[in-house]
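Below are two complexes that have chain A in common, paired first with chain B and then with chain C.
== the complex of A and B ==
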């Protein structure tokens, strides 16, 4: 009885959801949960409302409940990953999104492409945060080194000035004669330290540039979506594609390799593990490329 | 699917602007619904010195579905191009593949023009233009002649 009533609240919730009235939808799903707390769908539906409302703590708690009821809930892992990304818990987010993707491929879920997007964007945001920290550390370090160089410069300048003063006090009349020589010396010191400063600035600028966006090599990009690949698969023609987009192509267009046009089916595909490793390695060094 | 669609088209657009193929230029791409490109006739061919405009219309399923591609304005006279702008080219219809792109379609059309040896309209032009639907994708094309 209560199971049926729960279902009717879910149906109402879905109607509100399709009208984008997420607050009312949330209320209906909550009613459904009260009546039947063991149905995963009520939690994942409510989590999706919370996700739209940007209430990420609520998303996390509903998804955790969903996963505790059904550890294989694709939506549970997927939305948990998205909410954790928003909370800047990137490692945990990435691990849940990876689980979601693996389950989605096994279950032939239609939104595996979206999961990959969420995964890549979590990876990129993780990199951005680390990059920000690194940049701050580096700029502090650069300031410190420049400070050292300038202190050293002051010391050298002082030495020359002191020799001038002691010189000047003893034989004051000759000061003018030597002043140009001393000025030359001071200029030389300044020039040499200015050079040192500009060199060190160049080194730091170079290191920053090396980490920043460049062009992603074509062989890492899927020929269908033009995105960097996450789960590359190789066809009998030896051509590599992103699994989810190639499967979509089989479904919507036909069972052939999009490039060679030779017949090809899902069962003919092998994961391209070497390329996957190469891409992972590349992304570790070029985090910006994750969501390229 | 729509995330794939806009992201891919943005990348295609950047690539066309940064690294445009010879004689092909994007002139209008304010939305992801339709773009306009100009296509210049290649020197040394029957279309040298002429400039044509191609319109691409995309559905949210692109690239899992071919774009709708037609000439607008000045229509080239060619045995595979109807005077309403429809183009008889297999990759736009049953031979579409998601690895094809705006760039590759433009290059195919450019090469179709370049290899033409006699400027004349398709033999069934009048009949086709009278009966064709607005979208060339609704035409039942038969691709019999690969020599022109």
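== the complex of A and C ==
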């Protein structure tokens, strides 16, 4: 009896959801959960509402409940990963999204492409955070070095000025003659330190440039979506694609390799592990490329 | 998935801008807020009756691209056995059954350009042009094509495309 009533609240919730009335939908799903707390769908549906409402703590708690009821809930892991990304818990987020992807492939879920996107964006945001920290450290370090150079410049300038003063007191008549010479010396010192400063700035700018966005090599990109690959698979023709997009091509167009046009089925695919490792390594060094 | 289309199209645009194709005078979305409609401008191949002509193509991209092919048609009038003189519709297998996601907008445009010099008179959309070829009147065919190239595809077309 309560199971049936719970279902009717869920149906109402879905109607509100499709009208984008997430607050009302949340209320209906909560009613459903009160009546039947063992149904995973009620939790994941409510979590999706919370996700839309950007209430990430609620998403996390509902997804955790969903996963505790059914450890293989793709949606539970997927949304938990998204919410954790928003909370900057990147490592945990990535691990849940990876689980979601693996389950999605096993269950032939249709949104595996979206899961990869969420996974890549979590990786990119993790990298950005680290990058920010690194950049801050570096700019502080640069400031420190520039300070050292300027202190040394002051010392050298002072030395020359002192010698000028001692000259001045003893042979005051020759001061005019010497002052140009001394000025030359001071200019020389200033010039050499300015050069040092600009050199050191260049070195730092170069290092920043090396880490910034460049062109991703084409061999890391899926031939269908032109996106960087996460789960590369190799066909009997030796051509590598992103699994999700190739499967979509099989389903909608036909069982052939898009480039070689030779017959190819899902069972013929092998994971391209070496390429996957190479891409992971590349992304560790070039995190910007994850969501390129 | 709409986001995935945009990603791929942006990459295609970048690739074209990085290495402009001399045979393709233009390839870009018609406006910044809709990446699913593009324009392209084909240059006619030299030593063919299409030499010197510029044809604007309209490319409509489905949300399911590149799994499904883009819809491409001629906006500039052209005389060719496999292209409708009235609507600009193109009869080319790779835009229909032989499409594969490995094609790009650029390679599809180049395939259309290749079709210009390799007509298939057996599946015509322009019967007058096809009939000339089928009876072996190559001279008549070429002068007909040349006339329409001069009439519709010279000079002013390029200016229009660049504006």
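Basically, the second predicted complex is superposed on the first by the 292 of 292 C-alpha atoms of A that agree within 3 Å, B and C clash if a C-alpha of one lies under 4 Å from a C-alpha of the other, contacts with A are read in each partner's own complex, and residues count from 1 in each chain.
Just so it is clear, contacts are C-beta pairs under 8 Å (C-beta built on N, C-alpha and C of every residue); 3 or more make two chains touch, one makes a residue touch a chain.
Just so it is clear, the structure is predicted and the values come from calculations on it, not from any experiment.
S.K.: Label the relationship between chain B and chain C on chain A in the superposed model as either fit or clash.
M.R.: Clash.
S.K.: Regarding the shared-chain residue A:261, is it in contact with chain B (first), chain C (second), both, or neither?
M.R.: In the superposition, A:261 touches chain B and chain C alike.
S.K.: Could you look at A:225 and tell me whether it touches chain B, chain C, both or neither (first, second, both, neither)?
M.R.: In the superposition, A:225 contacts both chain B and chain C.
S.K.: For A:24, using the defined touch cut-off, is the partner it touches chain B, chain C, both, or neither? Pick first, second, both or neither.
M.R.: A:24: touches no partner chain.
S.K.: Is A:117 contacted by the first partner chain B, the second partner chain C, both or neither?
M.R.: both
S.K.: Considering only touches as defined above, state whether A:252 meets chain B (first), chain C (second), both or neither.
M.R.: Touch status of A:252: both partners.
S.K.: Could you list which residues of chain A make contact with chain B in one structure and with chain C in the other?
M.R.: Shared contact residues on chain A: 113-114, 117, 223-227, 245, 248-249, 252-253, 256, 258-259, 261.
S.K.: For a test of understanding, state which residues of chain C touch chain A in their complex under the given definition.
M.R.: 1, 3-4, 7-8, 11-12, 64, 66-68, 99-102
S.K.: What part of chain B is in contact with chain A in the complex they form?
M.R.: It comes out as residues 1, 3-4, 7-8, 11-12, 61, 63-65, 96-99.
S.K.: Which of the residues in chain A come into contact with chain C in the complex?
M.R.: Chain A residues touching chain C: 113-114, 117, 221, 223-227, 245, 248-249, 252-253, 256, 258-259, 261.
S.K.: Per the contact definition, I'd like the list of chain A residues that touch chain B in the complex.
M.R.: 113-114, 117, 223-227, 245, 248-249, 252-253, 256, 258-259, 261
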